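Same chain, two partners: chain A is paired with chain B first, then with chain C.
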Partner chain A sequence: MLPLLSIVLATLLAGTAATFFAGTRARWVALATSSVFAVEVAFLFLSFSGWPGYSSALVPGFSESESYAWIHISWMHVNFTVGVDGISLVLILLTAILQIATVVYSWNETKRPAGYFGLVMLTCLGCFGVFVALDILFFFLFWEAVLVPMFFLIGYWGGPNRRYAALKFFVYTHVASIVMLVGLLALVFYSGASSFDYSAVYAAGHGLSTVVQAFLFLALFFGFGVKFPIVPFHTWLPDAHVEAPTGGSVLLAGLLLKLGGYGLIRWAVFVLPAGFHVDLPVVFFVAFLSIVWGSVVSLAQRDLKRLVAFSSINHMGIVLLAIAVGSSIGLVAAVLLMFAHGIVSALLFMVSGSAHHAFGTRDISAVGGATPTTPALSTFAMAGSLASLGLPALIGFPAEFSALLATWDRLGYWVFIPLGILVVTAAFYLWMMQRMFFGPPRGIPSEAHDVPWFEGAGMGILVVFTVLFGVLPSLLVNVIVASPIKGFPGT
Partner chain B sequence: MIDTSFVGPFLPEIVLLAATLLVFLLDVLGVRRLEIAGAIGVVGVGVAFFLVAADLGFSPIAGFATIPSGQINVGGPTGLYAFTSLGLVFQLIFLTAAFLVGLASLSRPTGERGASIFYGLLTLATLGMLLVAIAADLIFLLLAIELTSISTYLLVAYTRKDGRSLEAAMKFYIVGALSTTLSFFGASLLFGAYGTTNLRAIAGMGSAGVPTLVLLGYGFLIAGLAFKVTLVPFHAWAVDVYDGAPTDVSAFLAGGTKKIGLFAFFLVFLGPILAVKASGASTLPFGTGPFNVGPVLQIALAAAAVLTMTVGNVLALLQKEMKRMLAYSSISQAGYMLIGVTVGTAPAIAGATLQIFAHVLMKGGAFLVVAAVAGVGVGPLITDWRGLGTRRPLLGVAFGLMLLSLAGVPLTIGFVSKFVLFSSAVEAQGWFVWLAVAGLLNSALSVFYYARVLKVMFFDVADPMPTTVPLAAAASSARLAFGGIGVGRAAAIALVAVVIVAVGIYPQLLLGPIQSAAQHFVNVGP
Partner chain C sequence: MIIGVTGTRLRRFEYGGWIAVALSGAAMVVGVLIAFGEAMSPGNYTNVQITWFHVAGAPGTFPNGFTLVMGTLVDPISSLMLVVVTVVGFVVMLYSIGYMHHDKGLPRYYAELSLFLAAMNGLVISNNLIEFFLFWELVGLCSYFLIGFYYEKPSAASAAKEAFLVTRIGDIMFLLGIFLYFSHYATAGPNGGWAANGFVFVHGTTPFLAPSIRGSSTLITVAGIMILGGAAGKSAQFPLHVWLPDAMEGPTTVSALIHAATMVAAGVYLLAVASLFLGFTSFDSLVIVAIGGFTAFFAATMAVVHPDIKRVIAYSTISQLGYMVLAIGAGFAMVGLYHLFTHAFFKALLFLAAGSVIHALGTQDLFKMGGLKKPMKLTAAAFAIGGLALAGIPPFAGFWSKDDVLSSVYSQLGAHPAYWPFFVMAFAAVFLTAYYIFRAWFLAFSGDRIRDPTLPAAHEGPWVMQVPLVILSAFAVGAGLFVFLPGFQGLLLGGAGVAGIPPAYGTADVFLSAVSVLLAAGGIGLAALLWGNGRVFSLADSSVAQPLRRLLLHRYYFKVGYDWIGAKGVYTVSRAADFFDRYVIDGTVHGLERMFGAMSDRLRRMQSGLVSDYAAYIVAGLLGLFAILLVVAPFLIARFGGS
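So, the complex of A and B:
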């Protein structure tokens, strides 16, 4: 069997390196790399759906798994182990889609294009690595490999307050990842596992006493939660988003937040189930807090980008709620919701970026009735808003519906909190549409223009997938369940 | 018939001696061309390398799959020398350093004086290093160190013109003489206490002897050898010498000869520490039971390790000149290596050995790059390197790799060695864990000054290209190929960069054989 994941990693690595050194031709190299990556991921996805490859002997429960000895000391083995299951595969698909969309959308980047596209490539490379790594050291290595390029994307290509935002982003997420690393290492050393491999960590985690699991889970919950972001530690997100260039925002919302969700499911919920159950009240509380806070604060935003950023907090809160429900359907819903939010929030950040280009401002109240001037932008904004508020036949609907269903199963009438908040979400998106794009024209600068072709193409790619997986969510769900979710203990 | 069987194992040393004598002989005869002396030196070191590798059971396909166990050849029970597999590994490390410096120095300016002297002294110093690696007797060890030291005093001053170099050589010589005095004084006290200078015999007598005499003897030995290893507070000379010496010589001092001091630490201090472990005694010195010198040594070395890495790192942070920054970072790295001696388990010794090899590559390579960059007209300050990464991408990437490796970033050799070293301290449990913590904190601290150089090189705006480089002539001569860097130096730098990444990606290449060599060392003793 071909070492598929290593091949994908190698092509991404080569493409990233080539992009950095490609000078003014960087965008073409980036486009070629992301196209090759997309084809490879499509192949992975299609061959995965064909099933029997799913049960692989090397790492139980993971297909395409590979393992190579890296550092073998007499008492400790570190291997380079990779593999995918349904959860990681869906998120890898998201990575491929967002990478190509970002490259196309940013086609005309003129400020040091080689650096810009190289960092975009590197971010996606790191995300791919996080999703396939089945070894603590490599997981952490890729995790940090995401952080550093995003720091530079915000800090060099960002808005006027970029240095502050980049530093805040770096400090928050870096402290969180140190806590996460300490938690994972404590898990290994405390349990006496002789390897950093996922299977060893999994067995070690299950073998720990409930109290130890509870403490370790809290550490990991904090480490992954800041990336989510969970509410008391969310303040880096609006700043980072507002200052980041559009491409950076797209990757930040579309991929980086998903790292937190993925890490929580893979390395905390699955590994420390007893600790997860003990800590459930904390998780539920934080989830509800994030949902309500993110939504209410969204209502007060005048900046379109800030609005999308706060609605991200709200949506990721629903993801956390679905995880906390702890049933198989809840976990499926969480992964589906992460995928949906990845596509939709990326679309909305592109819309706000294009709105900024078109009107010279992102202030919702400054512009009105823009549809006749910018019909294409208006269409994309409508598509993004409808998908975000959960219109059936768009990707947001199956995700949110199943999340609420799972919550109903577990919590009963508590479901009316997220449900009520969904109404608020719908309200602020529709209100935004109504103010900016409908009604009589107001405050539109004379040089306003509709989206250029490349921005339209970038958003078009995302709209296609919004509709495709909205109509056929089973394409994703059938893959997602091919993971430890299938046998998850549940409530 | 005279028994000549003892000659065989000494073949590498004999080759180096022959190369040295040949270079000096040609110098006397008036043949002083750099190419000839350089070729003899580099080929001699290369041949010696392959001879040692053959002794270690190297085969082109299996690599070092079969390390011979234990002592390969012993000069008798109270012998002066012993070929251990770890000793041979160290010989390879020393020869690597000499080879890199010799290769790079082929690209020195033609008109420079003393080229043949340079290569003669280089091979002579290397000969002394090889003898250190096979020493089994305290006096033999100190004499071998002395052979290397005297050669290097001369090496620092070989240009005979540069005032800074002469001053550095003078400092180096005076400090070296002090160090030698202290070492021999310590050795004589130990001889008084134990009645032998054989290292293995001494190791077995950890609890014998008059405690005062033993402690004083070891104390003077630590101080004397600490000068060679640049442990704090015996480090101050190193920065001035590395800074003042010709940069290729600095590469050899920091990357090469400093390591003989570390192997001397292995030989002198690991014996008593290992003997304590074998006897199962307490690892803390203030417990009950008879006096034993091993735990005392562990405490002293641990303190020296933490002090050295911390002071070296903090001072490196404050430096404005590239060479001085590298010199202080070299001091701090000696602290990491000392962790291996303190912990004294097989993984720890393997980690320290790998760290020493990594340091040969990283620091030696970094000084070679500094020499290359100085050769194309860049000043000594770190800020003078502005934009070098965009102006000279390949050189910048190679130097960046060395710095990342020094900082211990994954997928470089520096990460692997630190990982093995620190995790072995964690594995040893007890208070050794704090050594790992100190090492980790210091590594985190060191990232700042390495990252600062990376930022200057890759993100700061470049100055206009210095016009002193005759770029038009660059392609015409091998010495000026690669934009004035020269073939030999470019090859040495490229070799270092490739090995740093190759071992970083596939550490088992070296880790396996080094681990078995370390295990044999633990089993057999010095």
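So, the complex of A and C:
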């Protein structure tokens, strides 16, 4: 059997390095790298041993697993251990889709393209690493490796207030990373696990007393939660999005937020089930707060990017809620929703970026009746809005539907809160569409143009997946549930 | 049948008016054939089965598993609806060729219209409530697109948004209703059908729950109210009725489709299906009767004063939907669907006739029209036939079904005295209906000349617009008589027999019919008296009725109130939240930043370079550490360590 994950990592590394040194040809190298990556992800799907009838020996429950000794001293074993299960596989697919879409979308980046595309590649590499790493130190290494390129993407290619936003982003998420690292290390040392491997940590975590689990869970929840982001630790997100270049925003919303959700599921909820159970009231409270706050504040936004950013807070709140529900359908819903949000928010940030190029502003009330001038942009904006507000036959619906069904099953009439908020979500998207794209033309500069082909192609890729998985969600659901879901209360 | 399904679904990819017309014609043929097949041999036919969502678990136990199979199901009720949707859909498509020919964006128009019909057909043949909901939302989406077809007009864009959001409130309730029914049936699970089919409400075979279990719990009562909420949103029942009159911003053809066969019909269909196969508690029934009866009257009053020809018909739709809801609430779902069936034809007829007038004159204001019966004979006749059917004059279609509605509710009054006020309201609405629709007819068509001489000379539309009027006129005359055909009876009976509900027609009370016909005739007579032959009746400014007229013209101020709550209220809250977010939450972050800045400034000064200072820090630090180890840690262990 081929060491597939190592090969993927190696090609991504090589591609990233080549992109940095490719000068003006960086975009071709980046496109080649991401195409190769996409093919490799297809192979991953084909050889996924989580399918019924396969089994994997090395790390139970994971496919394609590999493990090599790295640091072995008497009291500590650090291995390079990687593997995928259904959850990470779906998020890896998301990474591949967003990487290609971002590269295509930013085809005409002229400001130091080698650096730009290299950092995009590096961000995706880090995300891939996070999704496959099954060792705490490697997990953390990749986790931090994502922060750095994003810091530079915002800080160098960003808008007028970019230095402030980049610094805020970095400090915020770095503080969270430290708390998370302390939590993970405490988990290892408290439990006396023999190595940093996921299987060892998993067993050790389950052996801890409830109180210790509860404290550790809180630390990890904070660490992962800031990435989500959860209210009230969310204020870095709108600023980072507003200042980031479009490609940066796409990766930030599409992938970086998912790291928080993935980490929470993999390293906190699965490993510390008893602590998770004790801390549930906090998690539920934060989830509801994020759902309501994100949506209500969105309505007041005038900047299109801020609007989408706050709607992200709302959607990630639903992800958190679905995780907290703690049933297998809730977990499936959470992963599905992360995938859906990754695609749809990326699409909406691309729309924001194109609107900025076309009109010179993202102020929703400054532009009106843009549809005759920019019909393609208007169509993409409509598609993104509809997908984000959960219209059936687009990807958001099966995810939100199953999340809400799971919530109803667990919490009963509390489901009215997220359900009612869906009306507000629909309201702010439709209102935005009405103000920017419908009505008589207003405030449109004479040189305004519709989206160029590469931007259209980038958005088109995302729309295709939005429809495909919206009509046939079982394609994803079957992948997610193919691997045994361990460590859940009640399973 | 599969061809019918794929045919209707494929049409969304087709562009060009005639292609759309041809395909919808094909769909009509298939739909009518299905209905014939169903009439010959009633039963349930299931074709497509696709697993859409499957999370493994023990069958029937929800927390661990959930399976959803999408499929199609044709049974007597859905075949009845298929006829309505495909026939009206085809006629409207044909009419569009003439009506829309000078508009731009035609590919978009036909694509959206086709998707609209496809979604509605999909809804009708869904075999479970989730699939139903999926198409239900698509129907809502298409009406959003089509109401906002003239998106350059701010009022059209606003009306589209309003329609989507108001029905969205209903949709949310519907979704919760699905959850409630789901958990009820998943736990109270009946025969093995549940476990085998996952989330399939096998409608058309046997009722899921024994009647003794039906209506036993609060859960089901709430679920029924939620389903009603969904239906009220789509079918524009009080208090979610506000969007429908504003939906007149769309092209008239779209109004015809929305009002006759697609959007609003979906709500009534849902209610009928829920009533037959899920069952309502007695409390639910009372609420449904109350909403239906009240809406029938309430909407009719608003139609009495309105000067816009399309809005008068729009209010009449809300009012007629009220009748359907009333019948379903009283336990006669098939009677409600029967009224839906006849109403679809005469309402489409009225809209298309009004469309001819608007097409010719370019205005919708009744007070600018007049004397149109000479240049537009066919349209005048068609509108009159539609009006007679709407008013309930025998032998036109509306008479039979409306009479059934009233007599079926009447038959329940003995057992449910609480239905009385709503029965009276519905009865009073008969008079109002006849009055307002003939007020519109007299204003537009009677007299010898047009009131606004600046308007262009009136003329009939091209043949593609006239043929639909003829077809629909035939249905408006004859659709009510279908009930005397054995096959059609079979369709109604096939649905009714399933749930053990007796067929309602034939129980018509002769006395009741006579009174309602007299009321309708009186309404027409009053309209003729006040508006006939080109007369214009106007209230004196000092009249006591003036405030009432203003109240009606302003639609009881519901729209103003909702705008106030929705736009102003929520937006203000949202602005406040945004302020809080920027200045309090983020302000705290900045405060922390400054605090750390100041602290690091102090700390920097601690680096004095004096060894004695450092020694003092070390000692202080050690003492602190010991304090933690010796005092705090044992306390924590003593407090929590045991568990």
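Quick note on the criterion: the second predicted complex is superposed on the first by the 480 of 491 C-alpha atoms of A that agree within 3 Å, B and C clash if a C-alpha of one lies under 4 Å from a C-alpha of the other, contacts with A are read in each partner's own complex, and residues count from 1 in each chain.
Just so it is clear, a residue touches a chain if its C-beta (ideal position, glycine included) is under 8 Å from a C-beta of that chain, and two chains touch if they have at least 3 such contacts.
Worth saying up front: this structure is predicted, and the values here are computed from it rather than measured.
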Superposition on chain A - do chain B and chain C clash or fit: fit
Which superposed partner A:F21 touches (first chain B, second chain C, both, neither): first
Partner chain in contact with A:W70 - chain B first, chain C second, else both or neither: first
Touching partner for A:Q301 - first (chain B), second (chain C), both, neither: second
Touching partner for A:L141 - first (chain B), second (chain C), both, neither: first
Chain B versus chain C as contact partner of A:A426, first or second or both or neither: second
Which of chain B and chain C A:F222 touches, first, second, both or neither: neither
Residue contacts on chain A - larger count, chain B or chain C: C
Minimal inter-chain CA distance - chain C and chain B, angstrom: 11
Set intersection of chain A contacts, chain C complex versus chain B complex: none
Residues of chain A that touch chain C when the two form their complex: 168, 209-211, 231-232, 234-235, 293, 296-301, 327-329, 332, 369, 371-372, 386, 391-393, 397-398, 401-402, 404-405, 408-409, 415-416, 419-420, 422-424, 426-427, 430-431, 433-434, 437-441, 472-474, 477-478, 481, 490-491
Interfacial residue positions of chain B with respect to chain A in the complex: 346-347, 350, 393, 410-411, 416, 419-420, 423-424, 426-427, 506-508, 511-512, 515, 519
Chain A contact footprint on chain C (complex, rising order): 51-57, 62-66, 130, 133-135, 137-138, 141, 144, 148, 151-154, 156-158, 160-161, 164-165, 168-169, 172, 175-176, 179, 182-183, 566, 570-571, 573-575, 577-578, 581, 585-586, 589, 640-641, 643
Contacting residues of chain A [partner chain B, same complex]: 21, 69-76, 78, 137, 141, 189
